[in-house]
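Heads up, the next two complexes both have chain A, just with different partners, chain B and then chain C.
Let's turn to the complex of A and B:
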């Protein structure tokens, strides 16, 4: 009996190896791979995935506008025989769904959206967990108690990050405030830098950001202030002021998806992985951070991974002082995905 | 001493020939770089040709890209004919898109044709008024229209941003900056299985209208006279102020129609960044083509082709987007330089007593 089962297992295993589907994987990027941030992080993931034996070819198209052009580019990839396509910006959601209808044999994965279809899944990471941890560091390191946050667009993803960061800041330093400046762009180094400078001008002594480029880091470095990056380990842009950065390790997820598609176990779903899976993390901490803070961050990280700290737990007040989440209530994923208020401690506005 | 002089007369044939040669030079420089990157030229041309004309699908994609460029260039050309520099095509496109979207979202209608007609009308009127404001300021206060139209671009884009981040946001859209999707009633119909929409018909119709108005009618002649010699026009009893207003309204209204075709033909909703700069590219097209109707058509097609060739270069050869942009820049540079030398000559004169 045991022998039979063993035989069957070996058979299935070799069968799987022999019949693992070869993959040609296409990526649609919203910025250039050299942006040093968002798209760069995705491209590192692509390169990691490309090492898998059944991935025959990977290809990307960069700086694709989030509108009518996306549909054409995605269609081109599908037509040229790419059978797994990743679209890595929110604005590609409807184009991805639209093209997927015409190419039933191609698997599409869309990053940061919420729609699925028979051959479309979506994926993202719980970046707010790493943001919370970086907030603890920021709250401990600020002297002026004013922290500046350069933010791209007032969409839930960004708002969630600002809130988690602020909750982290306030967990160690209830007096600190986080000032937000919107740039209305993901990728525009000049605008990002102006926004960063304006925050430094109003007394911020520590900056962080939600943008695709390291411009904020360069601004802080120039004025000798601390800075927390985003997307990838950005220490080379601010060798002195860099504290850490919440980073993406897309390779973990890209390898998993490619394997599933290759062996035929892929199913459309909404993937939202966190610190536990390693898709997000903090870049190695700067030696300038005192060891007791490093220890605190490590403890908090363990609590987040074990599920003890869910971060968005009531009572939560919005920044006008109104209670929005009652005591002990944990915000659901649905609520997190459509978050549209700032928590207490954030100075900034969201259009309603 | 080097002096730059305007050429007094030159033949039309020579002009076309010079344009063609500067185009060829631009292509040659780009090809030289591509060769340097190790890319087979024949192979490349084959691929670009295939991706643009190789199948019905790819040709329709080329036309889809051409529609907003063509419409904006016609809009811009109306003004340029009068040497009125309407740089605000981009903003007018956004205002047109906004007006059409408001109709599509808030007016419940069951008739497809009535809906499309209203969206068309709203875009034209809104764009016309928007750019008419710049005309009004020019006529009444002699404010420079370049500055006004340029700055109004930012205002238009920010207004659209404000609305899609605020009041127009789709309640079921997880708070993302997108309006509700239009119903089928508010969508332009498409040809067969492709994405090509009836906006192409509108674009061609506008081009014919432009040809008749600007190149055949007496009024078009008046406009050209105002452009080349306002004093002569005034002497001949042409009402310049009235014509400035009419031209600005027409120019903005037509540009706004590109916004209408983009939202109702392609995007089917209002969103942040509707246009990747069609309005600005249109200025280049209007310039390249000398505002000649056939020239506008081919320049728009050419610009659309350059856009698509960018895809091809990336997809087949993994050339970084910055190189693609550089090639587009080189082509424009040689074309504009060619244009400069057609209209000017450089003479070397030895200064006396030197």
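Let's turn to the complex of A and C:
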């Protein structure tokens, strides 16, 4: 009898080992967890994942520069026995692939890149869907029909966001224009503040931004204008003017990946989740938004989730009036990822 | 429109002006300080922190002066009494300032304070209203500039300080305490640099985020050379750099077709131009650079 019990225990133990592998999870962050933006959002996701029973330990290394330093940090995590490692900035792509070659039994997940390997997958979110929804709110709330957009760098990710936002604006208010000012920096509160102020000075009565600091929100609040944030719920910087913010909710994805790795079903792939999975969303809407607009946003959200509204659907004109996407054609993910034109309604320039 | 441009220029130039004035005082005594960026951050964080806990902007600004002066004194002592390499020590100060403010400032990220407001003296007078409706710190920066100029060129202590920067051996022979003068210049200068940082976190964008000076300290280091070690020219340099960097955003908002990159490189092109012109003049009396800038002083050295 005792033998049987012992056998059973050993069996259960190995079963457990095989089928619910304990995880030590490492994270590499590009900024400080206190940035209130990009890295902060990732860290909220980490904390959510850490509550899973088979996640024994999580560890993050913050403010890791992209490049050679990243290789060292990732290698170090792998050596220390972390068997699932998330690297959360575009510039970590090649270091991640390189380190992954040496640690075949570790699973690596890289955020916002495009490369995969036997033990490397990548992931990102369709932030443009939330941008579109925030555009509907902006288009409905503007009175001057001029909306200001403080944008960091002219890269596809940012351009896609501006375009989706503008399509949202124009879906409810075809007369409104979106003025774009490039700051050419992710992170410089004074410059962002200046950009925001100059947009307000040319008549914008609503601002949004793709930056890592809340300076734009402060600028709008100061002048009593509305503002839509980004990354995380930034309403404390603009208690009166804050309408909403497209936000990241990485916890959903981190829990799913950890579960897959733990039970052995994980396969390398490129994940690009959207509103349907809840990885992106809008921060709770301000009570200042009229209820019919709230309802409209909810309906649109349902259509995006069901796939009825794919947002980037032809006919799409660029901002010089030329048709770039013919009628009824849906832009492919590949095209979305390399987007380099402004849609009609955007006032600004992209250097080609 | 012009009014707005003048207004933007003054506001964007002021933090750089403080930092440049501070750096000039130090260099006049013969000490190069590459730690300006770090000092600005220390000023920005201490200003924000003390305003946040005491609710008084005055205490915030004072704390910014005191704490960055204290941090600057490390550089001062190292480069005078301990004869350390000024470049290395200055760079270390920037790294120290960036690191320590990031660490100590964590709890301040996301906090709110009421920033310094403008004074509204006149309404809608072209050219005058943007000049007269600034915040008090703008006027203090101009006052400080005049005061420092007077101090350097019209007082004995100022003369002594310049002598220490030009020829510390002669100064020592004349009974001037070289190390003490240099330390004094670095401490005072660092305090003024700290005010530049505090201007960012208490006036311009009233918030704290690590590394929020975003390279303005380095611009100040370059502006010292641009202004030929003359605090009056520092005003022109700061407004020029701050103004162009800020107003190119305005041009974008207005919808010009000039590429952003060209606009953003304008201040740098201008610097090169000024350097070429000043070197063409080639008049040694016009060269204001302190003769012994960057050299540690040791009484027992052979000259």
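The rule is simple: the second predicted complex is superposed on the first by the 333 of 352 C-alpha atoms of A that agree within 3 Å, B and C clash if a C-alpha of one lies under 4 Å from a C-alpha of the other, contacts with A are read in each partner's own complex, and residues count from 1 in each chain.
The rule is short, and it goes like this: a residue touches a chain if its C-beta (ideal position, glycine included) is under 8 Å from a C-beta of that chain, and two chains touch if they have at least 3 such contacts.
For clarity, every value in this text was computed on a predicted model and none was experimentally measured.
When the two structures are laid over each other on chain A, do chain B and chain C clash or fit?
clash
Considering only touches as defined above, state whether A:184 meets chain B (first), chain C (second), both or neither.
In the superposed model, A:184 contacts both chain B and chain C.
Which partner does A:73 reach: the first (chain B), the second (chain C), both, or neither?
The first partner, chain B, only.
Tell me the contact category for A:116 with respect to chain B and chain C: first, second, both or neither.
Touch status of A:116: no partner.
For A:218 in the superposed arrangement: first (chain B), second (chain C), both or neither?
Only chain C; A:218 stays clear of chain B.
With both complexes overlaid on chain A, does A:32 touch chain B (first), chain C (second), both or neither?
both
Touching A:340, do we find chain B (first), chain C (second), both, or neither?
first
Which of these chain C stretches, 59-67, 95-103 or 131-139, gets into chain B when the structures are overlaid?
Residues of chain C that clash with chain B lie in 95-103.
Taking the two structures together, which residues of chain A meet both chain B and chain C?
Comparing the two interfaces on chain A, one with chain B and one with chain C, the shared residues are 32, 34, 63, 184, 351.
Which residues, counting only chain B, touch chain A once they are in their complex?
Result: residues 51, 57, 61, 64-65, 161-162, 165-166, 174-177, 195, 262, 266-267, 271-276, 307-308, 311, 314-315, 318, 320-322 of chain B touch chain A.
So in the complex, the part of chain C that touches chain A is made up of which residues?
The touching residues are 4, 8, 12, 15, 102, 106, 109-110, 112, 200, 204-207, 209-212, 214-216, 245-246, 249-250, 252-255, 257, 259-261, 264.
Using the touch definition from the top, list the residues of chain A that touch chain B in their complex.
So the residues of chain A touching chain B come out as 32-34, 59-63, 65-69, 71-73, 75-77, 79-80, 90-91, 114, 153-156, 159, 184, 337-340, 351-352.
Taking the complex as given, what residues does chain A use to touch chain C?
32, 34-36, 63, 148, 179-185, 187-195, 197-199, 201-202, 204, 213-215, 218, 236-237, 347-349, 351
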